[in-house]
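What follows is a group of structures, each given as structure tokens.
Shared between the two complexes below is subunit A, which pairs with subunit B and subunit C, respectively.
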Partner chain A sequence: MPAGRTWHDRHLGILFVLPATLLLVAVLIFPAFITLKLSVTPEGGSGWTLTLIHYQKAFRDPVLLQTFKNTFAFVALSLVGHFVLGLALAIALNQALPGQTFFRLLALIPWTIPDVVAGIIFRWLLNPIHGALNPLVRMVFPGFPAEFQWLSSPTLAFPSVIFANVWRGYPLVMVMLLAGLMAIPRELYEAAEVDGAGRVRRFVHVTLPGLRMIILIALALDMVWEFRRFALVLTMTGGGPGTLTEVLSTLVYKSYFQFFTFEYASAMAILMSVVLFILSLPYIILVGRER
Partner chain B sequence: MRQGMHWWRFVAIAGIAAAVLTVVAAPATAQVKIRFQTWHWNEKPWVNSLEEFQKTFNQANPGIEVVRDDSRYGDKEAVFTTQSQAKAAADIPHFSYRPIRHFADRGYLLDLSPFIEKEGGQKYLAQWDPQALEICKYKGKIYCLPDDLNPLVLMYNTQHFKEAGLDPAKPPATWDQFLDYGRKLTRAGRYGVGILGARQEGVFMRFNPWLWGAGGDYLTPDEKRSALDTPEALEGFKFYVELFTKHKVVPPGVIEQGAQEVRTQLAHEKVSMIITLPAAPGIVQAINPNMKVREVMALAPVPVGKKKVTSAWFSLRVISAFTKNPEAAWKVYKAWYDKDSQMRNFKIAGVLSSRLDVRNAPEVKADKYAQVFSAQTPYVKLEPLVPEWPKIGDAMLTAIQEGLTGVKTPEAALKGAHEATNRALGVQ
Partner chain C sequence: MSPAPAGSARLERRLDAVGAYSLLVLSALFALFPVAWMLSTSLKSEAEAFALPVRWIPQRPTLQAYVDMWTLKPFGIYFWNSLVVSGVTALLSTAIGALAGYGFSRFQFRWRTALLGGFLATQMISGVLVIGPYFQILAAVELYNTLTGLIIAYVTICLPFAAWMSKGYFDSIPKELDEAGLVDGASRLQIFLRIILPIAVPGTVATLLFGFLLAWQDLLWALCLISIDEKRTVTLGVAFTVGEFIIQWPMLTAASLIASLPTIILYLFLQRFYVEGLARGAVKG
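Here is the complex of A and B:
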């Protein structure tokens, strides 16, 4: 400890972080503890009689198993969409084009729209009778069915929700990748060009290595967020048709607020948190290494 | 100058006097705010009735102020649960009858028995439909008074009937006729029947008449096991889903259609017949102000299968166990349930009260729509009030969506609901 530091100096930092710490305890730690306790409380019970029955039930629940599969598919496909679209747009918006700032702002718009609103917009767009998509498709393909069903189709409902989610979420990845692209020194591209590298080789050997860390961080963060996606799915399909678009967050919500099985819903929420923690480990490790 | 000073003095004194008078003459500030929660605050025509009640009550009771507290139909239970867990629920929330016993078990609802005793006990309660009142009684306590017990009926567009060569005075009375009419009414850009398939509790009201009408049911009479494996249940289920999948008399996108969407389809003449509740004419009018609803729309009993039966919209209000002002809340509660308020609700929103004096009032009996609804009251059946109902209902919604979209055959979809129902009931 450096000489001359007073008690005041040593403890001043604690005072500064105290409000944020207390807030964190109030809004995160305490509810998490309550949820954990509820998950090991017998149904309708109280006090400190604890049980693991809800976890046993969860591991045998076919609906939960199916919902886990749906959620993994939803996250994986959303991530692919976000990355492909985000990278393509980031590269396009990194070019010195007229109106560059305007187009960058335009590309950010989906990120500013709340999930619920995006869900309602897509529900309307895809409505077979009043929606805007069918007439648009018919303008290009006149033989396309006038009342084509998107969200009511067992095969198209899930892709439709993922499409909406890709549109809603790509700007975050795009912004991060764009920042990464802007940080790659131009000299590296010039040197590669002098060495005879074409566009593809420059992309593979300069751009991608330059973005490696940012891609990992962006996808790790995006994965965590997509795993928790709730309002978009709820407003677009409510988990239907049947349970084809059910994801973990909507199932936990239903179990808690519609079935009133608070304890079982809490157990599912804890399991979801554990999976989420495991999925976020790469990000935590990466951030740790950076430090 | 001197005269000017007098003029300013006069203005100043007059101003002060006016201010003092305003303060003295102004009504005393309300001491207690009672949060009156419902999803109808943003819906016409109900909002007109609610605002009239709010205004009338607040004027007559300067010490209490009724304040609006909005909920959303789809998540009213979720909001109330969260608020109750935080001990901050609205003083007077509004629900359908389905979750009342769950909430009572969780300790979220105030026992109204002491207030009712003060009002005269059984004599006071005798003002309500006894069948409806039973729902409010649970484990020796009374948690609510019944509000609107409204049978569901068939609503149809008489103009469409004429265009299809059907007699508007002879609506379909049987399932066969209903299907036949549905086919005849289906033509370019228009469908004979509007049904619900969205994930919302409104589906049950419109689906139940078919399940029960075929002689099927959700549970066995002892409410211990699922009864969805009977041929009767399958017949009712198939009839409902095949209106869409086989007979094509229902518009596409059926699993996206909730109650309001279907009423909108009727209001904009996309469909010709729907199963609906007494407030529907007012809602349809609000959706399409250009339509002369009372001239164009007619009502009839739900077509009969093997059994004459219908379901009902049955809502009620409760007082939160966490209200800080139970006496004031009861005063507001009682005022909402008095004859004048309930009659006003009928006049404005077309809602049929569970109060017998309102239901039997000459102006209600003379109303052409109310007549049809009232006549169906003896045939009303409600869903089982078992604690597992939310899960059973969800399993049924899943089956309906699976059947409507062809994810499964009707047989397989209903089998899934049967198994899920038994799982929910703990049947091995």
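Here is the complex of A and C:
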């Protein structure tokens, strides 16, 4: 190729990438810097007077501490639920049984529901008087309180929200693991069986190593998504009772758009992003190394 | 002595099948029950939804709730807004993402690797980190309370995925096709539009779907960028209905089901594309 064309191509490549790059800078990167700057600006202040007062406040704020704990528990327990249910179903669906497609479509249903709607479904399901859950529970345990208020209960409101999120989110992990399982050659299982490996050993020595990378990817993606989960919590409990089911996304949203404490909300959003980045570091490093 | 290996293997397989089926049936009940409860409520009259004891199946099924949602509430407008926003988002994010994907796939330029990494890194940014300033920018340029402001945000959020997906797809198309075009005197843009893009159409299904679903399902951005009723999207309409003091559950459940219908249909028909794309994009990332 002549040198002129190469030079020309260098600039053309940038032109192709330019529209996307400009949008990302304008809508995501520039506003992220504004948030960073706002987080070190005194309340109602402007210009370049910098302060760490919002971060000092954040480290002593019991509501923020509680919300961080909630978010960690929400993410961790959702991930465990998604993984256990997703893996069990993926293994069951990978047996090539009659009716497999039918059951796969049924198991995918919750995934197709927008999470605004998932929050609403569970709010109605758990309605103390007219919901379906209380009568159902009383069929199994007749001694259960008649009009139990799941979403006002200090002990059970949060587990209820996590349960709804497990329902909403397991199918995606399931399909990713199923794709991984289908990629493991059958011969590996047959060889292990010939060598006298029982099902537990086959699972530990064939299934898990074969799924290692896809498990990592599925859980890492799920972690980022659950860490930012917003609509489900907002429509199901709105963060209540009190702040018992508040997660970081809903707290930052409320501080900014309902309480108008822009600078403090920005500091919380920055802390949230730093924590999310640290949590995903192991994944970024591992994937980078494998590539 | 252990029993004959053949017999024990057959028994094991049968037990596996029994275990698998019980798990599948239980999980199907778990997956369907909440949706079935919604459907049942949406077919009840207001009186029946609040009748005690709770009725599992409506005694006098009625479609009144499905009529009310269009007449008592402007769900027709909400749906139209959602369709416009999601459709335009799907098309624009796919087009701009494909341009970037072609640039990344076919050209060597300075900062290329850094930009590729940067595109990926923007996927880590939480909505709540940037939405406040974005809201203020929109207000400054008078795009607050417009579908345009919402579309620009959704398109941008979809771009990293769209660019990476289409880059992967273009990488699998032989470069000889481009070179043949160059020999014929076509420009790079002509080659992209007339030769490469038509071949890449199957690869765009995943990015179109991704954009449509992201815009259709979002609540956060619509909640922060839209405050007038006639610009609300479906998710926003549903979220506001649940926030009302007296909730008309049959109508709300009917609206929620209808709001889920496009996503249910798209996911179930196109789930293979979507999962493959997701897995491929993720493995590459």
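Convention: the second predicted complex is superposed on the first by the 277 of 291 C-alpha atoms of A that agree within 3 Å, B and C clash if a C-alpha of one lies under 4 Å from a C-alpha of the other, contacts with A are read in each partner's own complex, and residues count from 1 in each chain.
Here is the rule we use: a residue touches a chain if its C-beta (ideal position, glycine included) is under 8 Å from a C-beta of that chain, and two chains touch if they have at least 3 such contacts.
Only a predicted model underlies this, so the values are computations on that prediction, with no experimental measurement involved.
Engineer: State whether subunit B and subunit C clash or fit side by side on subunit A once the two structures are superposed.
Structural biologist: They clash: once the shared chain is superposed, the two partners overlap in space.
Engineer: Does subunit B (first) or subunit C (second) touch A:P31, or do both, or does neither?
Structural biologist: In the superposition, A:P31 contacts subunit C only.
Engineer: Taking the superposition on A as described, I'd like to know which of subunit B and subunit C A:L181 touches: first, second, both or neither.
Structural biologist: Neither partner.
Engineer: In the overlaid three-chain picture, which partner chain does A:V161 touch, first (subunit B) or second (subunit C), both, or neither?
Structural biologist: neither
Engineer: Counting only touches as set out at the top, which of subunit B and subunit C does A:Q258 meet: first, second, both, neither?
Structural biologist: Only subunit B; A:Q258 stays clear of subunit C.
Engineer: Could you tell me if A:L64 is touching subunit B, subunit C, both of them or neither one (first, second, both, neither)?
Structural biologist: In the superposed model, A:L64 contacts neither subunit B nor subunit C.
Engineer: Once the two complexes are aligned on chain A, which partner has more residues of subunit A within touching range, subunit B or subunit C?
Structural biologist: Touching more of subunit A: C.
Engineer: Once the shared chain is lined up, is A:S152 touching subunit B (first), subunit C (second), both, or neither of them?
Structural biologist: first
Engineer: For A:G242 in the superposed arrangement: first (subunit B), second (subunit C), both or neither?
Structural biologist: A:G242: touches subunit B, not subunit C.
Engineer: Is A:I129 contacted by the first partner subunit B, the second partner subunit C, both or neither?
Structural biologist: Both partners, subunit B and subunit C.
Engineer: Which partner does A:L211 contact after superposing on A: first (subunit B), second (subunit C), both, neither?
Structural biologist: neither
Engineer: Residue overlap on subunit A between the subunit B contact set and the subunit C contact set?
Structural biologist: In the superposed arrangement, which is not itself an observed complex, subunit A uses residues 123, 129, 253, 256-257 for both subunit B and subunit C.
Engineer: Show which residues of subunit C lie in contact with subunit A when the two form their complex.
Structural biologist: The touching residues are 9, 12, 16-17, 19-21, 23-24, 27-28, 30-35, 37-38, 41, 49-50, 52-54, 56, 96-97, 99-100, 102-104, 106-110, 112, 115, 118-119, 122-134, 136-137, 152-153, 155-157, 159-160, 163, 182, 188, 192, 216-220, 223-224, 235, 238-239, 242, 249, 252-253, 256, 259-260, 263-264, 267-268, 271, 275-276, 278-279, 282-285.
Engineer: Could you list, by residue number, the parts of subunit B that touch subunit A in their complex?
Structural biologist: Listed in rising order, the residues are 75, 77-78, 81-82, 99, 102, 105-106, 197-200, 251-256, 265, 270, 390-391, 394, 397-399, 401-402, 404-408, 413.
Engineer: Okay, in this complex, where on subunit A does subunit B touch?
Structural biologist: Residues 44, 123, 127-129, 147-149, 151-154, 238-244, 253-254, 256-261 of subunit A touch subunit B in their complex.
Engineer: Per the contact definition, I'd like the list of subunit A residues that touch subunit C in the complex.
Structural biologist: 5, 9-17, 19-21, 23-24, 26-32, 34-35, 38, 85, 88-89, 91-93, 95, 97, 103, 105-117, 119-125, 129-132, 135, 167, 171, 175-176, 179, 193, 199, 213-214, 217, 221, 224, 227-228, 230-231, 234-235, 248-249, 252-253, 256-257, 262, 265-266, 269-270, 272-273, 276-277, 280, 287, 291
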